[in-house]
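Presented sequentially are two complexes of subunit A, the first with subunit B as partner and the second with subunit C.
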Partner chain A sequence: MELLILNGIVNGLIVGSVYALIGVSLTLLYGVLRVVNFAHGEFVIAGSFFAYVLFTGLGVPPLLALPVAAIAFFAAGWGLYYVLIPRLSRSDDPELMSFLMFYGVSITAAALMLLLFEADSHSIDYSFTPISLQVGPIYVSTARLVALAITVAISAALAVFLFRTLPGKALRAAIMNPEAIQIVGVDIVRLSAFAFALATALAGITGVLVALVFPAFNAFSGTEYTIIAFIVVVLGGLGNPVGALLAGVVFGLAEQMATVFLPQALAQIVGFAILVGTIFLRPSGLLGTSARK
Partner chain B sequence: MAIKLPRRALIVTAGSAIAAGGARAQDAKPIRIGMTVSSTGAFALAAQSGLRGAEIWVDDVNSRGGIPIGGVRRKVELVKLDDRSDKTTVPKVYETLIKDEKVDLLFGPFGSTLTAAAVNTTETNNKFMVIWSASADSIYQQGYKYVVSATQQAGTLLGRPGVKAFAKLGVKKIAFAYLDEPFPAALTNGAIEEAKSLGMEVTMNEKFAKGTKDFNILIQKAKASGADVFMPTAYEGDQMIIARQLRETNADFKGVYFVYASQPQFLAIGKDAQYLFSQTLLNDKINWKVTSGLNRAQVMERYAKLFPNAQYAADFQTALAYGAGAVVEQIITEAQSLDAAKLKDAAVKLSDKIVTITGPYQIDATGKQFKNEFAVLQNMPGGPEVIYPPEVVTAKAVYPVPPFKDRK
Partner chain C sequence: MAQQTQDVPAAMELVGVDVAYHGDIRILRGLSLRIRPGMITGVIGPNGAGKSTALKALYGLLKPVAGDVLIDGKKVTGLPPWKFIDHGVALVPQHRSLFNELSVDDNLRLACWSFRRDRARVEAAMERAYAQFPMLRDKRRDMAGSMSGGQQRFLELGRSLALQPRVLLLDEPTAMIAPRISAEIYEFISGLPAQGITVLLVDQNVRQCVRISDHLYVLELGQNKVDGAAADFQKDSGLRDLIAEWVDYRIDA
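Moving on, here comes the complex of A and B:
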């Protein structure tokens, strides 16, 4: 049992870090734009397919695919913002409409990936050498350790960006009070486009890591990651990137420990119980502030 | 009430495709066989793959002049309507096939869901229906009189070949895990029954929910249970993740069995797939001594000839549907009639007397298919080889499999 618990803690931390990254871009988008991106999982899986194409077509290993994915998805996100978002602002209820619109984007993205890659599961035949490292009595996957290191690095960079740079501070200000930030002369449209592009780039990077850690994905895998992202975002507090990072790790640990003590089938119920419990007991999430009217 | 479908939705594959056959055959009324095919929806790919198998059979039987009934050779017409993968549409479309298109007998649609929806209609109208892809045992527990599964083995039997193969290899302890959905659950429950009946100890039986991404703890539990062999059953994506995590956690079992491990997309994961055991119906290495219809190589040849522009290669759905056609031909020849009761009697009489592309045919009075067992393969360094059943074996199993650290 001790071995299982140790495995659960180590894997909970690592898998939780990936969950955190899945959630952080979604919460960033919601915080700045009040956009509920139901297609977030499809963006993540598009990142996995991006890495797959680079690896199988050009022989680019997944680690090198990370910066390429970041740039490509940032550019795609910037363009997508101007296609999708300005129209939402003309709606009576932009938040609800964003949910419905991105539901449509989710279906469209999945259908496009189906068209391009068919329904079969795909994987990247790439593994690190050695494939795992022995840490005391347990084996830890090298890919997972690499994913953990990258997640920590990205989180640190994101924290520096949000708290130490002017655009980052502007983003946080936009999350707190979008009206006030316009009064002081910030171009909110440009800032929003940047936030959308940044969130899309993070989703793309997450997709590459997902392809390394959970090495099978298909056109319909996105929904599973969207659900994880929503649990993390609600637990961390809507629109709170730091909360999402913490929530991802908490969710990962809770899920893993549940599988140690309960049948594996109940692990997901634990995730949803956390979601429902958070909404009932602490609707602002672990680090969230009270919801704005 | 029959639904109105656009005329173009009705496609008839007529005997006219082949000019061969005697004058009597051309004059005789064709045998009309109805079926629905999903042009859209979740079952579209599999249904159309199966349709191509049925069309190969129609082409073959008509090229031989048709099926003799009462001394007259009658060609076969396949009457196809669209079911859109929708179980609420299926009963209406089968009603249309029977009442408007006046078909003589029917092939089932793809899968258990649609077949269960179709069978009430065919039974109510006293029509004989041949099932080619539905594995749900429940279909055969309803007391239907005129259904026969020609090639598709019942769900609870699907996991048994693997267990039988392991029993022959001397396995004593086996751990099971499965995705909590009907197909993996039925397969695993059947496999567990078989394991117990063969005197094996089932050291673990645990299910996991759809969407589970991390199987590390599940693997550790299976290892801690002391199992010789681990048999996790899910769809290919989950199985590919488990295969990687087995290697990452250095979890050495004497054998690991994944249903889909010999499929091309699974083999693409490289080293993770080495030495895994799996099962399938259609593979270059599985060649039954066929007594009815074409053999595997001949069917593949016809597939290439008839469907040069098909987006996908022939798969086991193609083989199942082709094999069902070959069985139907024997049933009609035996019955010398298209009456549902006579066809069912003939189907039962032929039990254990036919071998088709997918293996031996054996049914009971409910129409449930007991044979057509999947062959068990193992991924050897040179590619998958058949290790069970003995009739089609191509290599000796490697058991216990080499530990991960000793693999190149």
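Moving on, here comes the complex of A and C:
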């Protein structure tokens, strides 16, 4: 039993760190642009397929795919921003339109992946040597430990960016007070494009890690990750990046421990229980602050 | 006095501006304002007269559906708000415009965004703000949101001054501020022209606005009601009655 619990904790941390990255990118996007990206899970899975293509087509190992995915997804996000968002502001009800638009983007992205990769499950047939490492009394797959190290490094880099650099502070300032950021001379359009690109790049990177950590993915897996992202964002407090990181880990741990202690069917609904519980008991999230005060 | 204030070219101007919400509801109808250089131009009017809307239109936060915004006689209609600092125009809006979870220092530093790579200029700008309001220097590491309402207002004013504007637009600078601090703020505002800063003051506090302004506009239902040298408003009993009627405040002769 102790081994099972320890296993649950270690895997919870690993899975949770991936959830944290998915959540932090969605929450940044929401915070700055005030739009909810229903396609976020599809962006993540697009990252998984990106790593898959690089590996099976060109023999590029997943670790090398990470920086390539970061650059490619950043550029794609930047372009997508200018295709999608300016149209929203011309509509009579931008908020409602944003829901419909991103729902459309989600369907389109899933359909595109279906066209390209069909409905079968895919996985990257890549393994580290040794294939697993001993952590105390248990063995953990090397791929998962590498993924954990990468998510920790990226989270730390993101925290330094957001809390120690002026552009990072500008991004947080835009979340705190979207009108005031314009009157101090910050070009909100460029800052939003940057936020969109950064969130998309993070989604792409997370997708590569998803391919390392989880057994398989397919064109329809996106929805699952979108839901996870929503749970993490709500638990962490809307527009709160630190909250999202923390919430990702909490959710990952809760999910993995549930599989240890609860029957399979019950373990599945833990995420929803957390979502509903947060909304009822602590609507401003774990850290008690939200973007909209 | 009236003659003098009419003929100087405007530092900033609204010319026949219409602003509409939701397509057809016109908040401003053919509004014209001239902000005369080196002076304090006051804008008063009852609630809903469009005072704040006029200010937002001036600063590019709302786009006019008709008419133009001019800076030094040049058309800048449609210029986004973040470009106004480059034209020497700064705004202190009515609602809190600070970043609560950033330090006082970071709030000032962010205001220097448009010239952030020029370190010497950034330091000089921050020094200006701290010199104007020494109390801010003591609180430089505190979160902006942890300060009192009056202190936050000083930070907003200090922040706008850091940018060395030629024109400062102020929207109800003493709303929700304690009277003692308000007096200090009006004192500060009336000293701005001497520092070479032209002021537009939109205010609900009619008495103070009339007292420190050189030229006054009275708005009603998004239109110009009347305007003239502030001194005339105090002298002319007809204008006094008009103010009493339209903004529900009687100016003492």
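Quick note on the criterion: the second predicted complex is superposed on the first by the 286 of 293 C-alpha atoms of A that agree within 3 Å, B and C clash if a C-alpha of one lies under 4 Å from a C-alpha of the other, contacts with A are read in each partner's own complex, and residues count from 1 in each chain.
Keep in mind that, in the parts below, contacts are C-beta pairs under 8 Å (C-beta built on N, C-alpha and C of every residue); 3 or more make two chains touch, one makes a residue touch a chain.
Keep in mind it's a predicted model, so treat the numbers as computed, not measured.
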item: Residues of subunit A touched, compared between subunit B and subunit C (which is higher); value: B
item: First, second, both or neither for A:214, with subunit B first and subunit C second; value: first
item: Which of subunit B and subunit C A:34 touches, first, second, both or neither; value: neither
item: Shared subunit A contacts, counted only where both subunit B and subunit C touch the same residue; value: none
item: Subunit A to subunit B touching residues, read off their complex; value: 3-4, 7-8, 11, 15, 119-123, 125, 127, 131-132, 134, 138-139, 141-144, 214-218, 221, 224, 227, 255-256, 259-260, 263-265, 267-269
item: Subunit A partner contacts - residues on subunit B that touch it in the complex; value: 45, 177, 180, 206-209, 211-218, 220-221, 224, 235-241, 244-245, 247-250, 265, 268-272
item: Residues of subunit A defined as touching subunit C within the complex; value: 92, 166, 169-170, 172-173, 176-177, 179-189, 289, 293
item: Parts of subunit C lying in touch with subunit A, wherever the complex brings them together; value: 22-23, 59, 61, 80-86, 90-91, 93, 95-102, 106, 109-111, 113-114, 116, 159, 163
